[in-house]
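Pasting the structures in now, so scroll down.
Shared between the two complexes below is subunit A, which pairs with subunit B and subunit C, respectively.
So, the complex of A and B:
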């Protein structure tokens, strides 16, 4: 019963998202939805690293930048087919994730966070330095998608489809053995080792996977922006991805999804928040860490559980007094 | 070449000061605070504001910068450390200090502006002094004085010995009747004062710039990790090595790859000697 409920809900969400260009009204909202889906492609992969295995990577914006530049150079400068370029972006970023992860995933928490921060800064430095490849500070213009997807609606559907596939992949990883193993690594490395979780390999695999999704997201992001400079990929963006996951809740899928939607849409809808920018994200992060470290997704879960248990108590068992008294008397009779 | 060396040494001294600030906070709380660089950033910005805008005399502005740093240190302990350490979740402090650092940086950017602004001259000196200019030797002197003062504090005073006791084993220290919470707050105030002083002294080198904090947090951490966590000598050596290496590399290769080279140094040291040059190998906790 609950399974079919869930699949109905998923079908409904897909239907709503698919028909969004018809009922949303203006094209800007379609663009915003496409942006949210792009972010989600990256965040769902990053969620496996940050939320499940507990490795606090704050520098995924570096991988996003590599994916975006790879797409722009291959599809723009060399004129490759965009589909090939997207695949190449994903592969290149997976490789970069491997190169970054091999040394840095061995480091303890704060060291790892600093290594990823340094990685993001290094990528910015190299994009500025390699001017003849990346256009330096001037930037690069990015070609759009080929004909069926060249309109805003078409590109939205393409991005939505990619986001759906990536969500399906990460969901599969998260809810089976891998996800459990990763949570074990997050909560206690020693225990995870003791029960036979290959700690380093598990961390490295999801990190490489998150690199792949970051590369895909980078390519999609570049097309949406249509012109990229090193300033597009400021460190704040990496912080934004990170905050979405922490606020949504570590070890959930739904929480970070809601976090992504709310945090992307909110500054667009409420102008004063856009001006505060990072201050707002920092405040939100601080409040969540101090009040509900498990994230807002956890609050929802607690509420749902409470609702269910309250409903369960309604059909309590009435004691059958007659039978009980007979049993007691019967016991006396034996005595 | 000599210019590159002196500039590198001065920048390295600032990194070393940041590493010392890390050390003081780490000794009592086992927390590596992301706000470390932002303390010095505030010291620089408020120093420039006190002197240039409010027209305070230099000595008063110096005290003011130290005070701002100390207050920020106390606030860090209050908001980001105290409640988080009470929970058992590891690395939650990374999130809370990161959040606080982000807020402070953005607030400084909104209030002060995102452009680097010049820092006033502290000591009357001709601009033609060249390499003997105060902007080079001030941070170096401050870093060395801070390191010596810290060593004296740890070895000669009762409070310093309490710090050492807490860094060895906080639970045992509490069992001995040491008010660990108050000592930790005190260490954050001291760290804040040190950071404020360093930011003020290096102001002419770095300018009063709101984005200095994150760079300094990262580079101070690299200096600390290279020198060895918890070692004050290591902080000085690591800072100087990092500063000189990036300056020399800038001289030969060009300024584009500065960050790449400093991270390369960190990776090499961590691969060869994971505890850093002067650090002690700690036993893996189970």
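So, the complex of A and C:
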């Protein structure tokens, strides 16, 4: 896809999403779209951790819960301005990401996943135990956004704007030097080391960033729920985020975005699927892992390559030594 | 100005892989390192690039003791390497694989990249330009946009060299670069290696393809069971009776 084609596609998507409240028909669909955008704020950050750097975090629901409670307590109990409370949720969760990541990101894959699982379980217990802060099992009611974002449509636009900004940030990271460094950490640690990527620091940086987006998502999620209890943040939700990325494909952004939309919207729109609940997620995960283990994003990539390689492929190497000499010396002159 | 191992010893459990081995790579020279299987060639390369720590002895670079330096610190000082089995990033394009070599020259941090500050764009353009030139130079012009897992074996080997050169190294350590190449491709490789040396890069060529090593090297070191048995010009090493006995098997 050429650059201008891509720009047009992005503009079209933005236009469709922005006008959604007018053409979607009912407010429930607007709420659903806002929920998808909220999940995406978390998942796009988590995608850098899971999809790019290859660290299998299944405990981001814990960070979502901390962000939600932080917002509910600051904006509700203490009456702070919601904008301040949202920023505080993001910051607090970035710090939690740092505290969780510092010891656990040195663990090999499976044990890291277990550490994030333990974190999510601990958060649930803490929200139950600290009753005077969190309301315990009874929960907390959450104030809405201030005008003009207090209507369902207003909330949707606000959340859409935040999701767009977060998407832009993660896209920039994924498409440039940092994204390549993260993929190196995922696919070949020795290569990452050889070219100088500080493996642990790179993993920790994106993990802290994913904590920040999870905190933002938590605040938005709390507003959409309008009332939160520890049961709002069941562990299944953490698995759901993880599954969206795996189904979408590691190392892509479009795939996980489609995964998020499909996995959130389908059970809500198609009543029989809702009854299946987790069975539906499990089934879909099984189908994807068996048929396209690299995920939906990979299917798109292969289709694009098919289309391109129709022009015929040449193989082999034939160095141009004069040019190579210039390239080496040109590079060294700058150093 | 050299990259030097002095009296390095490396043991794995009860096995002594290298015993008091010394080796010096000068800028602008091709230094061949040969020896039978299990003689410790790759172990020495891993000690020089920092993947292993020696049990005794030191590694110096340009007078600086780097025995305790990490792989990343050595990369920053100008040591690049390739691997016996090419270690590419299979899901990324050929261009991206070469550009990752420039990681240390990208000055924009995480947040500067996320917000796409001007530095991030400058980094990207400079690394892309450098990587493209190198890819044209090693003969991969036709494959720049291709995903790396679609490459043939020789293309993978040359891409690893381009990635190493994108680090703008002072020394590049090549671990069996001729493995699996056809005679014509080995000739191309020889040309690439000579150009690297003529441009001032010190090249360590670990190979058991001895004819090739004798042809392109300025100096050759021969290892046998973890010790240096002969060091000198290709002509001297070729004629050494010990080398002929343990290695060439004549």
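The rule is simple: the second predicted complex is superposed on the first by the 309 of 335 C-alpha atoms of A that agree within 3 Å, B and C clash if a C-alpha of one lies under 4 Å from a C-alpha of the other, contacts with A are read in each partner's own complex, and residues count from 1 in each chain.
As a working rule, a residue touches a chain if its C-beta (ideal position, glycine included) is under 8 Å from a C-beta of that chain, and two chains touch if they have at least 3 such contacts.
Because the structure is predicted, anything quoted here is derived from the model rather than measured.
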Original post:
Looking at the overlay, does A:190 come into contact with subunit B only (first), subunit C only (second), both, or neither?
Top reply: both
**OP:** With the two complexes superposed on chain A, say which partner A:58 touches: subunit B (first), subunit C (second), both, or neither.
**Re:** first
**OP:** Applying the touch criterion given at the start, work out whether A:146 contacts subunit B, subunit C, both or neither, answering first, second, both or neither.
**Re:** neither
**OP:** Have a look at where A:128 lands relative to subunit B and subunit C in the superposition and call it first, second, both or neither.
**Re:** first
Original post:
With the two structures laid over each other on chain A, which partner does A:293 touch: subunit B (first), subunit C (second), both, or neither?
Top reply: first
Original post:
After superposition on the shared chain, which partner residues are touched by A:114: those of subunit B (first), subunit C (second), both, or neither?
Top reply: first
Original post:
So, A:324: does it touch subunit B (first), subunit C (second), both, or neither?
Top reply: second
Original post:
Touching A:279 in the superposition: subunit B (first), subunit C (second), both, neither?
Top reply: first
Original post:
Looking at subunit A, does subunit C or subunit B touch more of its residues?
Top reply: C
Subject >> Common ground on subunit A, meaning residues reached by subunit C in one complex and by subunit B in the other >> reply: 190
Original post:
How about subunit A: which of its residues touch subunit B in the complex?
Top reply: 54, 56, 58, 103, 107, 109-111, 113-115, 117-119, 121-122, 125-126, 128-129, 190, 235, 239, 246, 276-279, 281-283, 285-286, 289-290, 293
**OP:** Can you check the complex and tell me which residues of subunit B touch subunit A?
**Re:** 32, 79-80, 83-84, 87, 89-92, 94-96, 98-103, 105-107, 110, 214, 218, 221-222, 225, 254, 256-260, 262-263, 266-267, 270-271, 286
**OP:** Show which residues of subunit C lie in contact with subunit A when the two form their complex.
**Re:** 49, 51, 70-72, 75-76, 80-81, 83, 87-92, 96, 99-104, 106, 108, 110, 113-116, 120, 123-124, 127, 130, 133-134, 136-140, 142-143, 145-147, 150, 152, 154-155, 158, 163, 165-168, 185, 188, 191-192, 195-196, 198-201
Original post:
Where on subunit A does subunit C make contact in their complex?
Top reply: 169-170, 172-173, 176-178, 180-181, 183-184, 187-188, 190-191, 193-198, 205-206, 209, 251, 301, 305, 308, 313-321, 323-332, 334-335
